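Below: the structure, in structure tokens.
The chains carry the letters A, B, C and D, assigned in the order they are written, with residues numbered from 1 in each.
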Amino acid sequence: MGKIKVGVAGYGTIGQRLADGVAKQQDMELIGVADLAPTLAIRALKEKGMPYDLYLVDGADKSKFDELNIPVAGTFMDMLDKVDIVLDSSPGGIGAKNKEIYLKKGIKAIFQGGESNSVADVFFHGYANYEKGLNQDYLKLTSCNTTGLIRTVDCLDREFGIEKVAITIIRRVADPGDYHRGLTNALQIDKAPSHQAVDLMTIMPHIDATGILVHTPVTHGHIITVVATGKNKITKQQALDAFQKHPRIRVVRLADGFLGNASLFKYARDLGNPRGDMYEVGLWEDSIVESGNDIMYAINIPQESVTIPETIDAIRAAFALQGTREEGTAKTNEYLNIGKFK
Amino acid sequence: MGKIKVGVAGYGTIGQRLADGVAKQQDMELIGVADLAPTLAIRALKEKGMPYDLYLVDGADKSKFDELNIPVAGTFMDMLDKVDIVLDSSPGGIGAKNKEIYLKKGIKAIFQGGESNSVADVFFHGYANYEKGLNQDYLKLTSCNTTGLIRTVDCLDREFGIEKVAITIIRRVADPGDYHRGLTNALQIDKAPSHQAVDLMTIMPHIDATGILVHTPVTHGHIITVVATGKNKITKQQALDAFQKHPRIRVVRLADGFLGNASLFKYARDLGNPRGDMYEVGLWEDSIVESGNDIMYAINIPQESVTIPETIDAIRAAFALQGTREEGTAKTNEYLNIGKFK
Amino acid sequence: MGKIKVGVAGYGTIGQRLADGVAKQQDMELIGVADLAPTLAIRALKEKGMPYDLYLVDGADKSKFDELNIPVAGTFMDMLDKVDIVLDSSPGGIGAKNKEIYLKKGIKAIFQGGESNSVADVFFHGYANYEKGLNQDYLKLTSCNTTGLIRTVDCLDREFGIEKVAITIIRRVADPGDYHRGLTNALQIDKAPSHQAVDLMTIMPHIDATGILVHTPVTHGHIITVVATGKNKITKQQALDAFQKHPRIRVVRLADGFLGNASLFKYARDLGNPRGDMYEVGLWEDSIVESGNDIMYAINIPQESVTIPETIDAIRAAFALQGTREEGTAKTNEYLNIGKFK
Amino acid sequence: MGKIKVGVAGYGTIGQRLADGVAKQQDMELIGVADLAPTLAIRALKEKGMPYDLYLVDGADKSKFDELNIPVAGTFMDMLDKVDIVLDSSPGGIGAKNKEIYLKKGIKAIFQGGESNSVADVFFHGYANYEKGLNQDYLKLTSCNTTGLIRTVDCLDREFGIEKVAITIIRRVADPGDYHRGLTNALQIDKAPSHQAVDLMTIMPHIDATGILVHTPVTHGHIITVVATGKNKITKQQALDAFQKHPRIRVVRLADGFLGNASLFKYARDLGNPRGDMYEVGLWEDSIVESGNDIMYAINIPQESVTIPETIDAIRAAFALQGTREEGTAKTNEYLNIGKFK
């Protein structure tokens, strides 16, 4: 099999990062990205010299791109003619409409967490249920919080067996640069249980999960506290050892200067990672506490980039590029340079 | 017995509210308040027409008060000569020094959560261990978060029996008007377990408690999520019924407009409560969820005012004004107008 | 003439404070307030024991009020039958529709800044153009920023003559308790010139004004910097003396603890003012600087309450209760207890 | 002359960016960076594979670096033996002490804005007074706000002649990742005039400047409004044309999606700039307004990176690599890729 040809629909916060991530996969070829309007992200693409071809979705006004001398490679349909699979990171609801087109064209697609579950054959997580995605045509990724959360719960579950989790999501309310949503000097609570707990149960049906979500006025990274009940007692050291081995979990310590979500963002910027992104979830060693059979800990979710590796895992599963979760995730990690620091 | 004569040491965020609270107790007499410098709070006291006498602690420069025409009733020692008990809300550490003076003068005292436990004979909570405070001389209140948390845990424990709690404290990082501390676009995590979980176990030693605390950039009201494990299954309805009956718990709903901590502050302002204070903790009906024997829920802690009722309970216990928790807290509630809305 | 009978349409942030302010005027009678739904403000009114009668506007579902045992005195039309004037603080746009009704009923009305200027005969400010409002039927108040700004510019203008102002509005983006709007870790700039500069020129047409507005993620009080160009040189001391004499300007100093907008909110809370409101604008003595004929200074606008006095001035003008700005504003100040601290 | 050998003292927020900037200059060689402790920035340097040599300053505990397998190339003194010039971005006050060493070693140095002016022979700005820095040994850069502000005022001054400026600095209170300083729901005002206005007059003594600074709870980019009084009338179009031509000023528009400081940070991230940095100041076309001879406008200062180009200009001046401001700044711009997008 030659390289898998990939297109990205929607060049927003997630779409940009998907395109960058795919471009690093040596067994994939990024055909291009599709969008509607000359947003800041598209203007930046132009200023960078168009590393990717740009296609225009239905409804786009090409003259606006021409005015700005932004080269256009064709229409969304033109892009679809060239790809094997689409990573659909369109605004919520558009993906479902796009699926009609994908079906007609016989193209696979992977949807992000904003779409309804019904759009896909499989609700997918690279570590928790890779095998369910094998040779499937339509997969939907878990949302950013759920993706990061499941990494850690799956990690404990495979090692020790987990029966129950109760989570508290301390959610960032907006992304950096957002002006259309925000919260000022307020914490906002959602109706419980949070969808992330419900979604975890869909992916890991043998676990009983519940949780509460509180929005907070910050932009870089959710923090989730997890109370996980083991089948048997799990000690802090056992949990720590398991987390340390996971390539997509970065264990950090207060004493080293990782004081909160902003430290992880700063660190990723200092690493020189494009956009200051991080693929790993942070997990504070100092947060791990035991209580009976419960183990409690706190993680940091870099909301803009955390789902990128699992989305690429999904491409691997969809084409059975690798047959097992170990092989699939390892290949993604290799190309994304994940876990090298360990 | 005549009215209990009460003095307040330290007219800061807590001291102001203690003075106001004592002034409403018909079986107590507020002798005055003591402080060091003409802070904004003292200037406001002057502008209000000096409803309370002001005494100056050691080190105060009286000439600064004279310049501003702020009447001074005497020294801290003068105040101590007139009181039966001091509510010590001095900055952390000063209370321990003051205790030497109280001992010499034979005066009782109640310390706030910032002092070390060793300053007091009893670590006190009006609902959880009122009887331990009976006829004691030196009592220390639990901190704001612990006070509110224990109200709800004690409420469930007395009704159903609680074995274990795991809490996540989403903490406000500063009070309104604070410029000496703050957090900007960051969540900050503390070493676990949080002291509030440890303190809960001191007050309620039969419960196993742990927890994680995350500071957030807001000023009005902590939110705490609680995972409480019952001896037996507790249903959402059972928990809700218990909470509804508690005078110092205000059950609220998202549908009524209580969307987060800022709604509760707004509501207290709209009620016309001085300073927009609220004595009750808020508890969201929509947050209560079950998971096995666990019941999970979220509460709001109005950090500036929540400890006032329990501090007044402590005066009642110290002089055995009422002999039981039911009678002691009921009297405080009556004079503070708590629970009337139920 | 007996007491002026006043109704308030819209019991939101401004309406609540208008009702409270009118209730303090000994020559006015508050007939009641009208609203649509059992908001938090209405629930608080109920919990306070209904100090004001409540009327329901068209479209209100009375059964919802009945469920909550909130007494309803009648319809909006019933209220209008009893009043001489309405303070219309309905959501923007509704006031214009209501005006049709007021015209039919022959009732005067005063609109808030959110309505278009065309709704009124006079664009009004108590200090700057009181006399223009005399015996008028429909007046519109300047917005919160413009009201406070004009107090200070008018103050300098009457004393020294002002030719030109350039303002920078550092705007609070939301009110305490707002969840429907907010800004997180961002400053947002509006198209210049800001409407406040334009409005100032409408009220004070002899002054050339321009300005830039930047939204900031805070909830308590705008800060405006003003560069005012005098006909002749104005010294810092001259400006300070003029500001000190103005009843609705509170001159504050950093050294006294007034470090920013949050200090003024804290101070108003400590004063015991209902809701922590303040009618005066704060003006920092430490901010006043000279540069040629320019004088530059910074003021604080308590956005929720600053327009209340000028709105009451407007009632006085509309009925010619007092014939001059000096008498009109003095009477409002007396009943609102403004300027007593000077 | 061979390549200028450059060392960086202090690998903090500014030091990191200076090192990156110097490394891009083809006529300079970065010898290394010196620091005290294994901060997050140093840990990131290690994880990146040590693109720069690291030297340890006096007082550093080498064993801590050894534990982390961070290679150390030598001591600060070792570094000084190899360099022609030091960019001193040590914490404020340390630079003055270091100067004694530089004098003894006969090494030139450039200090950042945090040091006192007396540490340097010249208070330097690449565009405003490049020639004053020629062949000087000790130069001090203007602070971030002053650097960006002067770019725009100098730009207008050279074209039209400026007599006077009044500025309002809407200051970000902390950098991303800061936990030791912050502000929560508050605006804080400083004693006027702000040092930036005073500093501008030191660099441009023919201009009368004053200003007010207000801290705001955000982390990405100050906004400054400038009221500049021309010798003659300056129209909006004239000012805009001048700004458009300046390589280090990026004119942006609301309609294009640049709604505030956060948009510029987002754009720099999307450009793939390391750390999401930007060397240019943003200037909103929509903010430019006229008022008599005054022109008013608003700029955005990316505080972490804005001084990098002018610091490199200072190296050019110190060694007279280029003899004029036009040549010096052009060479810096070329290597930093500044102004290419125009």
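In the analysis below, a contact is a pair of C-beta atoms (placed from the backbone, for glycine too) under 8 Å apart; a residue touches a chain by one contact, two chains touch by 3 or more.
Since the structure is predicted, the reported quantities are computational estimates derived from the model, not experimental observations.
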item	value
Partner chains that subunit B and subunit C have in common	A, D
More contacts between chains, A-C or A-D	A-D
Chain centre separation (subunit A, subunit C; CA means) in Å	48
Approximate Å spacing (C-alpha centroids) for the pair subunit C, subunit D	42
Inter-chain centre distance, subunit A versus subunit D - centres from mean C-alpha coordinates, in Å	36
In subunit C, residues with contacts to at least two other chains	176-179, 184-186, 188, 217-220, 259-260, 262
For the subunit A and subunit D complex, residues of the former touching the latter	16, 39-41, 43-45, 47-48, 176-179, 184-185, 220, 256-260, 262-263, 265-267, 269-272, 274-276, 341
Residues of subunit B touching subunit A in the complex	164, 166, 168, 170, 185-189, 191-193, 208-212, 214-221, 223, 225, 227, 254, 259-262, 284, 286-292, 294, 296-298
Complex contact set, residues of subunit D against subunit B	173-174, 176-179, 181-186, 188, 217-219
